[in-house]
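Before anything else, here's the structure in question.
We call the chains A, B, C, D, E and F, going by the order they appear; numbering starts again at 1 in every chain.
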């Protein structure tokens, strides 16, 4: 699990977003002293991701809540599988339910979809990478879910690496000039990546000595040409237009990395539910 | 557009998330004084949602940026259509690009999927509702996108209405007792909704005088029975297991409202891009 | 009690506001290791509200503090009654005293005044409602205190219901047009309320089918006319110029609800004090 | 006016508190392009305080709003007097109305009540002081309103001065020991104040060389004795049980300062209203 | 120690600043279940300050961490001295190390340098004061460190006292007019300080009755003249150009206070390190 | 300049820290309508860094302030040189002075000291790097100042690169095992750095194939041995015990990079001042 200091305040905001000025149904119907035990269940096959983060929601509502985890992140679960048993003041269970499930279903969705891509390219040695195409506020968690699903993390932000894209090149002449500027100003950077769209740019990038080339929206034939052209002198990354239907073909061209935006921004949520199994009043025992 | 005070701080956090400690590529390659004009383009057919919110990102980076909107929220655009022309300091355009597109592609995805559901039930009088199954931090924007797509907003938070669900009933005896408790404590509430799973519960809810009944995960046959049973004495809302493939059949049973979680949490992002079309140095004119 | 996630950060801000850069008197005079036991006392008759919220201040300063509650929210206490015994590190007790008392005296003041209004209309069936005339930052707590005092909560914010007021009507023609616009855009809203100032507007509102009518600043005679006119076809709410001296007369006109701004914004604080009863050094035992 | 950096974030929170997820009535009824001009009016006699701060609310919603101030803080206004004319996008005027009025009515209430106390003691040379008995979050604004009303600010927080109270003395022996501890640890502090409840403590405080003595909850006779006893060797401040009915008698005993908690925590709000006077569509001109 | 509510959020920000999106080295190399015991050591002679505050970092990462303090703030330690033993989940120790050390080395640097100034003026009765020349965000901690080193705190912010400087005088005529304005508007202020640069201004300040005079950037001869001129009728504070090499000479002129900006903004950090001494897996015991 | 969204909120906090509840001296002495023009001057030779960031403080207080920059970041200035002329409402100039100067003197101090290190190693090809030993909250600004001074930025946070240190090795066996774990879990990472303390570890690191080796606290003889041993197969970075007196000797050993903690945490502040040169009342013109 990531350090809680990275997301606790964000989780509290998510709780406030869902509580509004308070959960009036629960306040009316559930006495403050009542305790309960609830199960979080998978309703479809999925790769679990974010279970501990999601269940932290309950503890942020009430420190008396205890969560038991029956599976761990990265495990594939079948429908009906209990992921976690959550026990504590019933109000906290009911107030936190939706936020916990919303988060868990999304992160598990990301991990599940990522794993399908990873399985498609199994045996090719190609790595599936995430992108910066993440939902606002969710980046570190979505990237965590990608890793849980077997993917590999690209840079987490614009400060973690140089990636020269088409829009940058309009401001600085050409690939060679851009790479030289990076070298001059950040001599300690070992990795410089450039986005290219054709063979000429690829050659220019190679000649400029870049270590990694991003092949954007190319056909399979083009990709194969680029692999021949580069012959291992730079890492080749493919992005754009990658789907489950074509990712294997792309991998088979011999490239090294495939980055896929839709594993984060378009992963369908996994169907989950939380059921209260038992309710009791500790003071009456 | 929603009042900016509701999301400006959230947008700034999204920018900081993407910038990390700064966009090193742009800082190296783009001189501070350079200006540019960029176009935001649709790359597939979509219902636009969140265009003004997304473009605000650029102005939060630099107040000198000016955005011109060529379409407005709710319009359906074809691939290649320019949505907005953004002009200003080039660094601000490049630093804000990803956050603006991430948000716009998601909200437009929500609106586009919502509209497909709305179109499926056209002519039935049934309304498509959103749910609280939204991504953490994104609720008001996702619910806005649902409305843009022709859907109708359910309660925005747990404080905006009473909805008695199965998990609540375990704590308070039964539907009748629950509804009575709500009446006693919140006599001014006109709308009380109860989730039911069978005919007996539906009758109990009717007898308790609830104004709205949530039919959870029922078969089409069951839904038809419930419509006959209730005969307009309460609004009937369906939820659970609703997809594009069955939403019309559900609507045809005669229910009033269908709430669909996947229009928010599982809407695929719309493919968009931003292209810098022109670059100049205002000081050299 | 409301979930602490809704107000803990706000309480911490209140503490920082009162501490400035630190309580220099206490730091100089009270050794860090000393413990104490203090009593929070009523100095006048009052309805208690916010006792647990207020005492949470001490625990936010030091988790070692333990609060025992001798009364609970909603109870009426006489002068001299001990409300709570707070025990823990003496520095935390002294540093938190003022914030805890400021909050408790205000919320109890709101509950006390609300109860007086509620008692005035006892037997009439009329409900006393709060308003949005609350002090900035204090809305959920003041509305909670109103409920503790026997009042009923009106909408918590502008997003929780449609209330068409005079200033809105200037932008949209008239009551009928406004109600139709609401119906068209928010068909699922069961409750629409309109503010009226005379019989003509009341009729227009009735004809438009609104479920609730706000009678603003009317004379008792006018109110009686409106009750006759409406004959139960809509809920009638009175607001404006309501005081303890006339609230019973208003209630006797036959209206349903009376909303009173001054129970939140003008409730005099209840006189309270905190006395340290015992001081000891746990390490020397 | 105070620097806006001290309260802008707080005002934005107040707006979010009132907007919830958005002002649905205004969004439905008021087109985004419409402009309006509104007047803020006094409905009873009052000392105005916080007018610029309150109207800043509108500009935080929309920078296009322009506020004209027809009176300024500290002026006494009669019923019907226009305080400010606010012009701009009508949605911003309607969305901000309640927050602006809530703040203005409270701060003007504080200034108005303060001025009555100040007028009661006119000619005696006695100063009316505020206290730390302020509503959480509102301290700097309430203290500002006290100054507008002619009062004088006591310390703004626990870090701005040493005030040794009864509860401190329980931890450190007695007045002499306490004052010596302060002198030893904070030799640069010129002002040390001690709370006393009888003549013996007053003497002890004088002998310890304190510059200011807080006479807590004493009778008029006691106060006169203390004035005789001290004979100008320390500033005498009275607190506790001070009301409009007895403040003059207290002042006439010859003390120097009277601090009054109720001018901040129990000031009744001033009755105000905002009326939209004109509505137009700038694009149609 | 200061109340944690004053700096916990700030410490969490410092942790987030150092963690970025997570400590990838530790996540890869250190299993989540492993525990460790680490020592924080001095590597040079220093006055310790901020030990408890700094070690709180570990507990904010993981509440299971326990810190044992072998020295306390204000003690002088020799190289090799163990300051604290920190035991808990190893990931928390490694993730928090840098932030804890960064803070501790700076605050101890401030205390160490302050103490050298204090020792230089030993026996003269002169007090060493801090200034508002602190690093942004660090004021209360740096001022705390100054007190730990034997210095005395000047005002913590612009609201804690009146200090009339050269730039103010340009707006209000002269010293006499400025002091009169302060007296008129803040009659309760006992201490008014004025910055002067020559004998004429000093006389003007004395005649205006100020209680404290700030002698800015004067020569030793000038200081001696000012001491003769003032003869105890006001406290004399020196500031500007004070270093370890001349502070004793300044103190010997007979002034009362010397304020030194460089003890906060230019104190060299103390050399410290943290060594993990033991690592174990609690679950395997 | 860095994007303002990265530090504006931090600057506002710095302002609130210095303002407390308001600048009472300025509020009393400077009428709200008065304008002024002030110069920010160097009082000693320095490399300027952070000039635009620091002057942004004034604009955050009042948008009417205009700053003219007479030098830019990276320039070396002599005593007396005017860095910036700031013109606007005088209150904003006086309220912001201290925060602006505190920030500018620190960042310029960092740049100035960095440049001295860079000049010491001139001609050797060695780069001076910063570290994570920065003051809490100031990292991105201090690292920016290092770059302004000619230094090169090491990783900005724990998420931007793998650096295996002694404390990590205690948890994972040895260098080889650690590097293998990194390779297995983060195959896309091109740069892995390991801290070593002797020749054996250096060999182990080389054999494990690390691209960069951190030589911690070694003698000059040891460094020369390591350079011979490694012969360019990895980048060699020196850290620990680096001062101006020995940095050239270290550079001459043939290593590639020298990281220096004291350029950030122990840089003495540069002496600066702000002088108001002109004051006028725009309304009286």
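Please note the rule applied: a residue touches a chain if its C-beta (ideal position, glycine included) is under 8 Å from a C-beta of that chain, and two chains touch if they have at least 3 such contacts.
Small disclaimer: the values here were computed from a predicted structure and weren't measured.
Looking at chain A and chain D, the chains that touch each of them are B, C, E, F.
Summarising the inter-chain layout, the chain whose CA centre lies farthest from the centre of chain B is E. Here the CA centre of chain D is 32 Å from the CA centre of chain E. Centre-to-centre separation between chain B and chain D, using Cα means, comes to 43 Å. Mean C-alpha positions place chain E and chain F at a centre distance of 21 Å.
Contact with two or more other chains is made by residues 19-23, 95, 139, 156-157, 159-160, 186 of chain C.
Residues 127, 129, 152-154, 156, 159-160, 186-188, 190-191, 211, 257 of chain F touch chain A in their complex.
Those residues of chain A lying in contact with chain E across their complex are 1-6, 9, 139-140, 143, 156-157.
Across the complex, chain A meets chain B through its residues 10-11, 13-14, 17-26, 28-31, 34, 36, 38, 90, 93-95, 97-99, 101-103, 105-106, 109, 132-139, 156-168, 170-172, 178, 181-182, 185-186, 261-262, 265-269, 274-276, 279. Interface of chain B with chain F (complex): residues 12, 15-16, 19-23, 32, 60-61, 91-92, 95.
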